[in-house]
Structures are given as structure tokens and as C-alpha cells.
Amino acid sequence: MHHEKIKQLLQAVQAQQLSIEEAAFKLQNLPYEDLGFAKVDHHRALRRGFPEVVFCQKKRPAQAAEIILRLAQHNQVLATRASQEIFKLVAAQQPQAVFNEVAATIFIAHGDLPRRPRSEKRILIVTAGTSDIPVAEEAAVTAEVMNQTVDRLYDVGVAGIHRLLNNKEKIDSANVLIVAAGMDGVLPSVVGGLVDKPVIAVPTSVGYGASFQGIAPLLTMLNACAPGVAVMNIDNGFGAGYFAALINK
Amino acid sequence: MHHEKIKQLLQAVQAQQLSIEEAAFKLQNLPYEDLGFAKVDHHRALRRGFPEVVFCQKKRPAQAAEIILRLAQHNQVLATRASQEIFKLVAAQQPQAVFNEVAATIFIAHGDLPRRPRSEKRILIVTAGTSDIPVAEEAAVTAEVMNQTVDRLYDVGVAGIHRLLNNKEKIDSANVLIVAAGMDGVLPSVVGGLVDKPVIAVPTSVGYGASFQGIAPLLTMLNACAPGVAVMNIDNGFGAGYFAALINK
Amino acid sequence: MHHEKIKQLLQAVQAQQLSIEEAAFKLQNLPYEDLGFAKVDHHRALRRGFPEVVFCQKKRPAQAAEIILRLAQHNQVLATRASQEIFKLVAAQQPQAVFNEVAATIFIAHGDLPRRPRSEKRILIVTAGTSDIPVAEEAAVTAEVMNQTVDRLYDVGVAGIHRLLNNKEKIDSANVLIVAAGMDGVLPSVVGGLVDKPVIAVPTSVGYGASFQGIAPLLTMLNACAPGVAVMNIDNGFGAGYFAALINK
Amino acid sequence: MHHEKIKQLLQAVQAQQLSIEEAAFKLQNLPYEDLGFAKVDHHRALRRGFPEVVFCQKKRPAQAAEIILRLAQHNQVLATRASQEIFKLVAAQQPQAVFNEVAATIFIAHGDLPRRPRSEKRILIVTAGTSDIPVAEEAAVTAEVMNQTVDRLYDVGVAGIHRLLNNKEKIDSANVLIVAAGMDGVLPSVVGGLVDKPVIAVPTSVGYGASFQGIAPLLTMLNACAPGVAVMNIDNGFGAGYFAALINK
Amino acid sequence: MHHEKIKQLLQAVQAQQLSIEEAAFKLQNLPYEDLGFAKVDHHRALRRGFPEVVFCQKKRPAQAAEIILRLAQHNQVLATRASQEIFKLVAAQQPQAVFNEVAATIFIAHGDLPRRPRSEKRILIVTAGTSDIPVAEEAAVTAEVMNQTVDRLYDVGVAGIHRLLNNKEKIDSANVLIVAAGMDGVLPSVVGGLVDKPVIAVPTSVGYGASFQGIAPLLTMLNACAPGVAVMNIDNGFGAGYFAALINK
Amino acid sequence: MHHEKIKQLLQAVQAQQLSIEEAAFKLQNLPYEDLGFAKVDHHRALRRGFPEVVFCQKKRPAQAAEIILRLAQHNQVLATRASQEIFKLVAAQQPQAVFNEVAATIFIAHGDLPRRPRSEKRILIVTAGTSDIPVAEEAAVTAEVMNQTVDRLYDVGVAGIHRLLNNKEKIDSANVLIVAAGMDGVLPSVVGGLVDKPVIAVPTSVGYGASFQGIAPLLTMLNACAPGVAVMNIDNGFGAGYFAALINK
Amino acid sequence: MHHEKIKQLLQAVQAQQLSIEEAAFKLQNLPYEDLGFAKVDHHRALRRGFPEVVFCQKKRPAQAAEIILRLAQHNQVLATRASQEIFKLVAAQQPQAVFNEVAATIFIAHGDLPRRPRSEKRILIVTAGTSDIPVAEEAAVTAEVMNQTVDRLYDVGVAGIHRLLNNKEKIDSANVLIVAAGMDGVLPSVVGGLVDKPVIAVPTSVGYGASFQGIAPLLTMLNACAPGVAVMNIDNGFGAGYFAALINK
Amino acid sequence: MHHEKIKQLLQAVQAQQLSIEEAAFKLQNLPYEDLGFAKVDHHRALRRGFPEVVFCQKKRPAQAAEIILRLAQHNQVLATRASQEIFKLVAAQQPQAVFNEVAATIFIAHGDLPRRPRSEKRILIVTAGTSDIPVAEEAAVTAEVMNQTVDRLYDVGVAGIHRLLNNKEKIDSANVLIVAAGMDGVLPSVVGGLVDKPVIAVPTSVGYGASFQGIAPLLTMLNACAPGVAVMNIDNGFGAGYFAALINK
């Protein structure tokens, strides 16, 4: 919805030409801007407490940058699977844009909106190996953008289980856990057996041969013997961070 | 762990022959009873705030009943995928056992433990069709056993989407949602687009042909476009109820 | 069939050396030109009311262009999955060729054939996201080449279902609907629940992880709970446009 | 919606206490009866021009009969995948119920509603073998219930292609075609190459070994080289009949 | 080879009509008895140090018993996937036959052969749950028949990982380990991370939904992050016991 | 085609009212009898040199018997996957019917047709185990019905490869080979490496676990390293026998 | 086997130091040259009547050329999946090498061996589309190298079935048929219904979406309703040509 | 663990400030160095008798080299799937690094550690074709690094089974066998039938079409009819070498 339209609405309310109920209704029912090729949903931020999200993979850099910049006029924007090249195009016009190379994310905060304080309850993000870190960092950035406090415990796969057990305290202090693992995808089952907090399992496409680009760990996690484990799509760090933030709020 | 052993431990504490730290350590490190064929984990109730769970499917009735009764000596027990036949064997010795035919569950509360009050925050369980109700009820029983308050909204699949939209209020008032659906598995995506609460999606094996015993809705849910959706194994109502209760606590 | 042969046939009819029935039979039974490497089916246009179609994907540009130009001597031609590079080669010899970059199509109308008026009944093409648009546009071009009137409603996926519901009027006014969606492939089920017109579902390879290059939305659509939904191959915009045009005629 | 509620609505209209617009709105927005365990959608008949449908497979006979009879109080009902046993329970209370053993359907017409005349345009249902006939008949019954005229051409698979070609006239006279085939699923491709009408392909689970309960013919049909072919779920005769009727109307 | 033929051979050797080399060659090259319907390989016992094995699943009891008895005339016999019914038929004629109900095995020792002493090195068989025990016992019986010493550690799945860690000593004292697990199949990865001995992983068909009759644990085990893990076919307890015995010898 | 019609045709030829060419044409172009539910292709025997074939699996015994008897009025009939029960129904009316219990076939020769002599070139049918014999016998019966000479070499799987190599002479004397194997499906590759004759590989559903009802041996055979191997559907003994006979003729 | 060794053998025969039988035996039992990295099987040409075959795909050009040239010293060589680049390297040293660009084959005849005359019986190679031609030509080259006479009938897929039926005469005159098809893979079923000769079906990876790189046509062909169809691996033109030649000899 | 820390520990032991038991415990329980992004497990060498392993595939050369060099400060390092480019970066700083191009491995021995003598028992590594050699060499290097003696027998696939049988002696003299094969994956079954030693089967991704990047040989091997065969992940030469060394020790 164009800024003008919102202002007109509010002026009409002020002038008592429009009741508060009607205005609220209109705001809820006209929530997107029709750009022709896309229906930008500017109100999602309000309705769901989250910035606009742009999934950059498979988009040409120029196209991705254009969408990001368009959305950034009225909203916070989080771009995932973003490249250095896209970032350069974006940063040229939005200098406050922040690029996280490991997570492959770009975030543009909106100066006008006051920043809410971080949550006191903690989300712990755990990975089995170092190759799972990009997915974990995508989750971390997502949760932090939603004002959550994030802890990290990386490279504690069960090939050397003492690495995990030696961090029992850190694990116990979390309110929600995200566990990313590829290959055999075993770690969420083990973590789920150690805690009584929700464990969000993220299979990663790390591996080779019969890991089938993440199918093997996906099946492992869906069949986790320990209760308290729910599963995201393969490599879906964004979804895990978002889901964890919903729980932790 | 045998009752005797616990008593001995506590007597030793009382007699100051055992420090409190040592006793706590022993209780945490000897937590299961070795029955030879099974290692019953009596402390899980303490550690994870939950009764013992017995998965009855594929077990012979006599075998299932024996395990349930053994566990019921010291613990609350929840048996899932249980039949009328198992229930009769159990109820003969444990008259307070409760059978839920739709959910296929048996629950044996333990009289000694005071019942904690129900949560004020609500879990809403939604199904696409009437055939998904057994899975939904397994989730409901599980969550209720964990002292959660459960609402139900059944048979609101998208073939007639007004059935869902007319219950927007009920949906909005939930703190966590469980959505069970078979066939195309579309409902969690739609519900996930309506709320900003965690949605736990449970694919069911309801359907025929290319639904492949639940693979089709499983894939749909893993790929849900709406963020805020996490997925359980096919027909895993127990897991959904448990996970929802962990969040809702 | 060579032009010469057709002329000879017609001269024989004119000279009353050949009965009309025999000529008709011959035209129907000798319908293709044997180019050695291909049997061009020049009569398909007559028999099926459609131009020649060339599927360019995996063909080298020069090879694709040669086939297009050969066919364009006697027929209208629609080339799908065509690149800028192919277009340049074609346009050099057929200046009236039209390239649609989004749809990746080249169309060469045949000046001699009078253009039939557009249908009054409308085909509505709907997409879940912006990434599904190329498939949708391939469908649109195909239907338009078959003299159909096409409406578009893009980026109305169920992550924000109000975007769809706010266009209920447009949806209701269609005679046939094509719905393209990737990832969870949920949209055709929802649209099928809103209308009582044929819905042609096209899964797209948009997505990642467990969408498996379009298998996930394909299964979703095959299992659509709402009746009135039929399914095309993954990314098969051409097939959808063709099928819709057959219905709408 | 309870009959009483409809009467009250209409009485209010008569008494001019309710405007016609408001009444229409209410009728459209309160369209289902909440039976607790199911939300019966009595208005679908009005909205979509079709009776209630009950899918009996996997339902216990008593349960299926109860649902059928409940719906039959105010609506026409079509039950699919129905057994002799269900029929007996239904016919005891609804003597006008009609059982089609081959199609495994029960149909209960509603006496009050005047029967609309059959369509003049014809739907042709084709099968490759005799084992595909149950699926074909489910499609036929469904289309006939929707007032369509249905022709049949059974057992014309390509192992003896002259059986098909000898019926070219029958094929050409159809307005829509449904083609059911198992094993290699080849027939829709061949039929699609012969006609310029919409062909609805239904893979059946007929076959053994690498036909994988219908996956082989499903893939064949999705990849049909002939344009003009859309695909239904495996064994989904109902869906094919419904879709054909939507086109043929 | 008929007993007679062996005797003749040996008599010829004794009579110095046949050199030792020739006799050895003949014994190695005529090693099976052609029963018409089967080529019984009586020498495998000699060549591979193992009794004849009969896989009873899918064989009719009478047929299975006949084969077992035939082989028992000259050899030790191990029958796997055997039922009580088969055992009764066998025991009627071979009273020394031993039935292990949990393992579903029948073993017939051959009195004439002196029993070799058990190995001093130990094979440890581990299971994740109680439902995996039949597969484990099939492995145990197989290894014991090959004169191996077998230890057992059952029901130590990672849902309560202390049950495993508390048995570290038992695990460390093994020379070879067999680990059977269904559902998520996680246990071999964890065990493989604890020891530096060969771990033979056996996926079991225990589980439901997305465990796909053992595919999920099979993939988990093939992708085990811990090195030192090799995998057997689903439910192949016999193969695991045999392989472990080959290593342990 | 009704017998009457054939007679009329031949009488017309005799009476010189119909030329031989026309009669031949009619016989070739009216080749099937339309029984309403099935189009019986009586001429296939003439055109393809083979009796009518009835695939009995999944047909009710009465239904199967009826079809067999109907066809047996004018043709030789081979029924596959036939049970003892079907045979009894058939033999009651066709005493010359022959039941092969292992192959599960019924064959009804037609007395009027003189029996052609057997081929001199031999088809060798090989199996890996005894469980593959039913498939092998189905192939043998099929080939013999087509007047081929069949040799058998059963239970020579590679677990004891000397059983195969000791029969090298028998293998070398064959003109065509059929090799049936389940589980790992290895035998056709080995046989293909020994001969320079066509090897027809038939995967069987014998096995368990990751043999997936014949998928494992099917893939093995499709990837056979030895050239000269072609593959049939799983358990398709009939197809193998038919194909071998076509080659051997 | 080194050339020297052959000469020594033959000199020994000439000198009557070695009997003919012994020499023949040695030639058959020492048939390969151990190049360290490969065991070149020089005798296969003698044993199987075929040149050495080199599968070039995935080999580096220099590596492929080296193997081809090594083999060409004593044998005829057929290289498949060969590139222009490999050909240049080979032709530099073996000027008589012949490159077939469409088939991607290089053939080096051996001048010393007299060329046997072509077979009189014909192999007909049929394709559904023009994209299947490379696979067909690989088959053609292979068969021709084995002294077979090959006919071609390309681009006669069932989308325009008259193209196939108009060539009935050509089809009927073949002794063996190879049919290559991608996408729906329908053509072998149709051809198999028209002839009573062996049909070798070759699925090609031509297609997109749910053709899954050739799985769809592979399944279609394995399930072919018409008997007389055997199947090769995806894109395996070489195997088809080889198998056809074995039959046709 | 930093070198300093180890020294401090040992000094404390020397000074009798720390008991031997405590020191041993600390060494076992503090076994990894937390590098922030990775938890390097320096003690694995001690615990498992093996150097650090770095899996280079998908890592950028600079990143891979950095990890290798870091680990090489205190440990022996084996890098697998390593490129020439990585080797150059590593060798610049660690001149004693050894690159095996075929195996794609880099090994850095640690001068301080005395080299243990090679095992007397032999591991035999067998391949079906020359394309399987890289996987075989990765296994060979791994086993040799673990002080094992390795024999090689390459290119003895069953297409020419005499190549295998002629090496029976070499096969019989091995204590453990590794068999690598792609395409049909038949070789381990055949080898397993010839020996009574453990056979470790490694499917390779060599092949095309229905070999599905190694799935076909993987399934073949899991279903091996010969007992005594265990299976590794596709292309997992490292795992095979490691497992063989554990057995052979």
C-alpha cells in the first residue's frame, strides 16, 4: 500500500470522517501493493512482526537487487541466499545494508522503527560439522532480526560425542534449540534425548553418495526416536530461525 | 531403578553417609531399570516431565499389556496405537486405565502424583478431513496428559475454504497449532499464512494413489511457502502433541 | 508435403481427374514431409488448429533456428524454451518473428492466414509466486496463439491468502483456470475449492531441498482434495496453455 | 445448515425484516453444518452443481453408511469405493439408492429436485484393458450424475492398435475424452495424437512388477508427447468424471 | 556329493590309485549334489567353515522342512526366519534340532563333528530398542554357530543416551560390534564414535511412516559420520553375524 | 469375430463372390470379437503365431475361468498366474486343459490345429536360486507352447560360482538364454560374460529388505557390464519366454 | 597377451612341440594383457566376434585416446560417447579411424582381417523424435560394425501416428527392431503391437520434468502391454545394437 | 588441546601434583581444541590410532589448505578428495606432504612419531573396471597410512570372468578384501562366493542411465547372495580402507 494511501486513511480518521473500526478493517484488507509482476505484502511486517524476505537463489543479481531496494523503501528487508554481487548493487543505494557472508544474507534495518530489546530466553544453534555452519548462520541472522538472543555450538557431531557432552551446560540453558546436520543427520536425535526443550532439526545437503543432497538426514530426523524434535526442509536455515523465534517470543 | 534402591539412597543421605551432591549424581546417572530385555527409563518422567510411553503397534497384545503394567507400577503410562484387546488386559489389573478409542490410546494416571493445573495458553488442533481425526486425537491426548489445554477444529480442509476462514477467531486465539492433513497436505500452508504462531504440521497416510501413504503431504508440508511451519513424521500425532506441549509450557 | 504436391492434387481436382473424396483422403494420409532427419507434420495445423511447435531446450542454437525457419516456410511456428541467441538467427530471415523474453518463446505468424477473432470466454492464469511467471507466460503465449483471451493473476500464493481472496471476482469470471506453483504447490487446491470451472495445475521446478525439482508440487496437485483439478508435467506451460485452449474453444 | 435456519432466513426475507442481499450473503457465508466430527458442506451442491460425495475406502461400513444417510436427508449423495455391505445398510433406509457394482458407487437422487436434461455433447470414456473398467465406470457414473452423456470404448489398448483405429469415428464424435490405462499407460498418448479435443488421462494401478501400483502409467501420461493431455491421480475415476463434466457443461 | 562318491574317492587314495593332489582337486571341483530342483552345496561347510543355511521366509512349511531335513543328512543346518510350524515338522525326524523362537532360527548340529572351542575375542551385539531384538538374536545365533562368543547390550538407543554411556566398559571390551537399529538408525553412528573396532550396522524395518520399512535407518548408516561402520541389508541379522564371525576368527 | 462371419466370408470366396484379396483384407481388418466388456482378439494367434493369453492375477476365479473358456472355443489358450481353483473350473468343461502348478499356468491346446515340430535350436533357462523357479517355469511353458525346445539349469547362483562354471557346455550349446534372478540379480551379468548369445534377464521379486520387490535385481540387470543382455519386467517369465521364442524361431 | 607370446605359441605349434589342443587351450585361458592399470581383453574379439569397445564418457581426451590407440595395435576398436577432440588425437596416429559425429563414435577397422559380408536379414532402427537420433545412430554403428544390415525410420512418434502406420511395410520387412524413445516412451509398445519380431526398446534421457532423465520411458517400456519387447539401459544405443546383432546373426 | 596444556599436565604428573589416573582422565576428557569455527579433535589419533582426516570436496582450496596446515602442526593429516591446487598451497609450507593424484589424497606424516611396521596380513583391493581405480586408491592410501599392507587387483569385472578366476591365488591369500564396482556392482557378490574372508563392498558412481550415480551397485551389494559382504557408502574409498584396517589390525 502506498504511503500516501495510509496517510489519507489516517487523516480521515483524525477528521472523524472514518471510524476507527473501518480504518482498521481497511488496513487489514488492503494489505499489499500490486506492482504488476508481484504483490508486495507490506503489512506482513505488521501482521507477523517480521521484515520482508527475499529469496535470492536463482534470481539474477540485478533482479534481486531491484526487488530488495523496492521493498526497502517502506520496510525492513532480509535477503537470503544473497551473493556479494547482489550486496554491492544494494549497498550502492542503501548504505546501511549489512552483508553476512557466511549466512549469505543481507539485512536492511529501517531507521524509523525503534529497535525492540533482545529476548532474555536463548536460542541455541548447534551444528554437527563445520560445513553446516552456513545453514546455521542463516538461522541465527533470521532469529536475531526478530530480536532473539542466539547462542552457537558448532562442530559437535557424534563422531566425537564428548564434544557434545562437554557442553551439556550450554545445551541445558537454552529455551529452544536448532540442530543442523548433514550426512547421517544423527545429531538432533542425540540432542533431543538430552533436553526437554523443543528441538528444531534442519537437514543440510552436506554429504555425498547415499546422502542424496539431504534426503538421508531428512529421513533420519523425521524418524527421530527422541520425542520433541520437529523438522524443516533441507538447508532451510531461515525457516528454522523463524520458527524458533515464534516459539521463543 | 527399584524403589528399594531409591530408599536406600535417601536413607544414606539422611544418615549423612552420602552427600547431597553424590546422591543427586547417582540419581541422575542410574536412571534406568535393566529388565534384561529392556532398559526401562523410570527417570524420564522426572527429567522430561512426562509419563512412560509405549508404542503398541506390531506388538502382540499380551506383550504390550505386560510392558504397560510393568511400567505402571512406578510411573504414569501413555500407550499409543493401542487396541481394545490390549486395553482389556490392562484394565483387568489397572482399573483406573482410560481408553480413548478414536486416539487408540490408553492412559494410566498415577494416583500419588498431584495433578498440575492445565495451561492457560491453548493448543489448537486442526484437521483437513474427518479421516485425519485419529492422528489429531492422539496429539490431543498426548498434550492433555502433559497438562495442556487443547482446542479442536476438525474437517476444515481447503476444498471448502470458508469452513476455515469462518473460524478465524478460534485460530487467532491459539498459542500453538497442530495441523493434520493427508492427500495433498495443503492445510498447514494455508493456516501458516493466517497466523503468527508456531504451526506443527502432521502429514497423515490418508489418501490413495500418488499420495503414497503420506509421502505427498509430507513433501507439501516440508515445502510450505508460509514460514512458521515445522513437520513431524507421517501419522505422528504423539510427536506433534509432545512438541506442542514443550512449546506451550 | 511439398507445396508442389498439394498444387498437383488440387489441379487434378479442378480437372476432375480426382474426386473430392479421394483428394481429401490423400491430404489426410500424406500429411508429413520427410526431411530425412525429421518427418515434419505440416498438416497438424489443419488437423489440430495449431502452428508447428519447436521445443528448443537442449538443441544447439543453429540447429533450432534451422528447424524453425524450415517450418516457417509453410506454417505458423511457435518455438518454446527459446533463447535470445536463437531469436537473432531466426529474425535475420523472418523479420516478423516475435520474441517473448519472459516466456522464452518465438512466434512467427503466417501473413496469408486471416487471423480469427479472440474468444469471448476467458482463460485466467494464476501463479503462486513471481518465480512461476515464466511458466505462466509460456502458457499465456500458447493460448493466445490459439486465439484465446487470457487474463493474469500473479503472485497470489497462500502465504498471504488475502491476496487471492481479494481477487475473487476475477477468478469467478474465468471459464478455465491455469494455476502454476512450485515449492508446496498448494495454490491449485485452494483455487479448485473456490470455483466450479476446470483448473489446470502446473507444478514448477521452483523451490529447493525437498521440493525435488518439482516433484513435491506435482504430488500435491495430483492429490488435490478439491475436485476439478487436472495436472500437467513439471514446468509444462505450453501443455497447460494448449489444454486450456482446447477447453475454451 | 439446519433446515430450520434456512426457513427462518426465508421467513425473515418474506417479512421484509431481512433484505435480499443480506439473506444471499448469509446463505453463502454459513454454508456448512457443524456435526461436531465433520463440517458437512450442504451448499456445495448449490455452489458447484454437484451432490455430496463420500469416499468410502478405509471407512468401516457402519460409519460410511451413517455419513451417507445423514447427507441424504437434504442432498443428493454419491458414494465412491462403496461395497455391497455399505449398500445394504444404506438401502434399508433409502430404498431409492442405486448401487453400481462395477463402479463401486452408490447414488441417491433427491426426488424434489427436477432432473436437468442430459448434455448433447458427449464424453467418451476409453480403457486400454478390461481391468481398467472399474475406474472407467466410476468416471462414467460421476459424469452421468452431473447430467452428462457418456459413451464407452473399452479394451482398445495398443497391443492390438487396430481395435482403436477401427473406432476412429466414435473417437472423433466426442467432445471430451477420458482414457484410463494401467501397466505402460500408453493409450492416452496415442488417443491424444488422434484427436483435437481435451484428453483426461487416468493412470490405473493395474499391472505388476515395475508398474509400481500405477506410478509407471502416471509418469507415461505426465510425459505424453501429444499435447492436449492432462492427468489425474492414480485410479481417480471420480476426479476424471468430474473434470470432464466441468468441461462439457 | 553323495557319501558313496566321497568314500570311493578316499578308497582310491588309500589304494594309491589316485594321487592326493588329484583327490583334493576332485573334492574341490565336484562340490554340489544336483537334486534336480536344487544344487545343494555340501562342501560349503568345508570351504567356508559354516553349516548349510536355509532361508525359510516365503517357503511353505512342508517345503522348508523337507529341504532342512535333506541337508541335515550330511551337514549341520541353520534355518533362518523359521516358524514354530516348520520346527515341529523338523523335530519329528531330527530330535536334536534346536528352535530359538526370538531369533526364529532352527539349528541342527551334527553329532559326528567335534565342537571347536569358542573364540576368546568377543562380539558385542547392541540394539537401539526392544523391537530390534529378533534381528539381533538372528545375528547372535549365527555367530555362535560359527563358534564365536557373543555378548548382548539391548535397548540402549540414544533417546536416553546415558543407557549407552553407562555401558562403556562392555563396549570397549568387544573385538567386533554389531549394532541393530530401526526408525532413525542413529545408534551405529554414536557407537562408531566411541570405539576403534569394526562396527557392523544393521538397519531394521522397525518404525512407521517415513522410516519406509528400513530405508531411513539404512541411509543413516550408509552416511555414518564416524568411520569404521559398514552396513548390511535391512533386517539381515544372519549376514551381520556371519560377517562378524569372519572378522573375529 | 464370430464363427458365422468367418464361414460367410469363406462361402463368399468359394462362390467367387469375393476375391481372395478382399477376403484376406477383411480377415486382417476385422480381427476381434466385441464381447461388450472386452474386445477379444481372435486373430492374434494367426498374426503373431501364438494362443490367446489370459493374465489371471487379481481376477476372481469365476471371472478368470469364464474368460478362458470363452477364448478356448476358437483358440488355443495360455493362462498365466493361474490357481488350482481356476483350473478346476476350467477343467470341468475343457478336460484337455493342462495345469502346471509350479509355473501357475493352464494350457488348452486346440485339437484341430496340427502341432508343429519343436525347434532344433535350444533355449536355456537359468535361475540363480530355487525360489526363482516359478518365474523360470512360466517362461519355459510359454516357449514350449510356441514350439520351442527348452533346457533348464536351475540354482546356479554366484554364491557358489563353480555350480555355474561346471555347466559351461550346457550354456555354450544354447541359442538363446533366459536368466532369472532375485536379490542381487547378479547372474545375468556373469552369464552374459560367458556366452556370445542373446541373454534375456528377468529380475524376480525374490529377496527382502533393500531388494525392494525386485527393483534391486532390475537395476543390476539394466546396468549389466557384459553386453548382450536385455531386460524384462520383474517376474515377467511369460514375456521372457515369448521374447526368446521370437528370437529362436 | 603380448604379441611375442602369441608368436612363441604358434612357433611351438609349428615345431610340433605343442599340440593344437594345448595351444587352443592356452589361447583361451590367457586371453588378456595386463597393462597394470587395465586388463585388456584382446581375445574378446575372437570369443565374441566383436572389436574392443571403449566407453569415452567421463574420460579425459588424452586418456581416452591413449586407450583407443593401445587397443588398435592388435584389434578393431569401437569407441562410444567420443568427442571431436578425442578423434583428432586418435586420427593423428590412426588415419583410417572413422568418426561419426551424430553417433559420437570412432571406429578403427583392422586392415588385416577380411571383411565379412553384410547380413541379408535387416535390423530396423526406429525413433520417436529427432532428439533420439544420437542414441539410434550409436546402435546403428554398433550393429554395422558387427556386419549387420541396418534400416532407419526416424521421427515417427505417436503424436502423429499416421507417420508410423504409413511405414508399415518397412516395419514388416525387418527381422529385429530397435525402438528408441524418450519422454513418454510409448513407441515400443505401439510397434510391439504391430509386428511379431523381437523389439528392443531403448529409453532415452530426452524430455524434461517428470521424465526424470529417462526413468519415465524406462518404466513405460518395462511395462509394455505388447509382448515381444525387451529393454536396455537408458541411452544405451551400443547395447541395443549389440543385442540386435546377436539375434540377427 | 594446546601443546602447552599437555606439557603442563605432564609437568604436574612429574611433580606428583597430579595422580596418573587424574592425568589420564583429563587427557581423555579434554580432547579437542576449540578453534571457534571447529572443534579439532587432536586426540582422535591417540584414541583411534589414526591421523586427522580432512574431506576437501566442496571446500574452497584456500579454506581446505588452511585446515590441513592447522591440523598438521600437531598431527599426521590425511586429506581426501584433494586437488592439485590444494596440494600446492599445502606443500609450500609442509614440504614433506605427499600427493597421490589418482587417489586425490594428500598425506602429511609427522616426523616425530616412529613409524610402526606394516602388517603381515594383507588387504586385497579389487576393482571391476579402470574407472573404479580412484576409489580403490583412496582406500589403499587410507589403509597404508594405518600401517597395513595392501595388494591390488584391478579391472577384473565379470564381463570377462576369467580375468578374475585366473587370480584365484592372489584372492585366496588376502585376509580382508575391498571390492569396488560401479554400473551393475556385481563383482563383490562373485568375490564373496569365492572366499571365506570379509569382503567390503564399495559401490562407485561409475556408470550412466539407470545406475543412478551409484544407487544400482549399492542395491546390488546390499542384496549380495554370498554371505560375508558388508557395504560402504557410494564412492567411500576412505571408509573402506579404514574399515579394512580395523579388521586387519
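Just so it is clear, A, B, C, D, E, F, G and H label the chains in written order, and each chain counts residues from 1 on its own.
Please note the rule applied: a contact is a pair of C-beta atoms (placed from the backbone, for glycine too) under 8 Å apart; a residue touches a chain by one contact, two chains touch by 3 or more.
Everything numeric here is computed off the predicted structure, so don't read it as measured data.
> Taking mean CA positions as centres, which chain lies farthest from subunit C?
Most remote chain from subunit C, centroid-wise, comes out as E.
> With contacts counted as defined, which of the two, A-E or E-H, has more C-beta pairs across the interface?
The comparison resolves to A-E.
> Counting in whole Å, what is the centre-to-centre distance of subunit B and subunit G, each centre being its mean C-alpha position?
From the centre of subunit B to the centre of subunit G is 60 Å.
> Quick one: subunit D and subunit E, Cα centre-to-centre, how many Å?
Distance between chain centres, rounded to whole Å: 54 Å.
> Between subunit B and subunit H, what distance separates the C-alpha centroids? Give it in angstrom.
44
> I need the residues of subunit D touching at least two other chains; which ones are they?
Residues 160, 209-211, 215, 218, 222-223, 227, 233-234.
> Mind listing each pair of touching chains for me?
A-B, A-C, A-E, A-H, B-C, B-D, B-E, C-D, C-G, D-F, D-G, E-F, E-H, F-G, F-H, G-H
> Residues of subunit A touching subunit B in their complex?
That would be residues 47-50, 53, 196-198, 200, 218, 222-223, 227-234, 238-239, 242-243, 246-247 of subunit A.
> Tell me, which parts of subunit B touch subunit E in their complex?
For subunit B paired with subunit E, touching residues are 29-32, 37-39, 41, 44, 57-59, 203, 205, 214-215, 218, 233-236.
> Can you tell me which positions in subunit F touch subunit E when the two form their complex?
Interface residues on the subunit F side: 130-131, 133, 154-156, 160, 162-163, 166, 206, 208-211.
> If we count contacts the way the header does, which residues on subunit A are in touch with subunit E in the complex?
Residues 128-129, 157-161, 165, 183-186, 189-190, 192-194, 207, 209-212, 215-217, 219-227.
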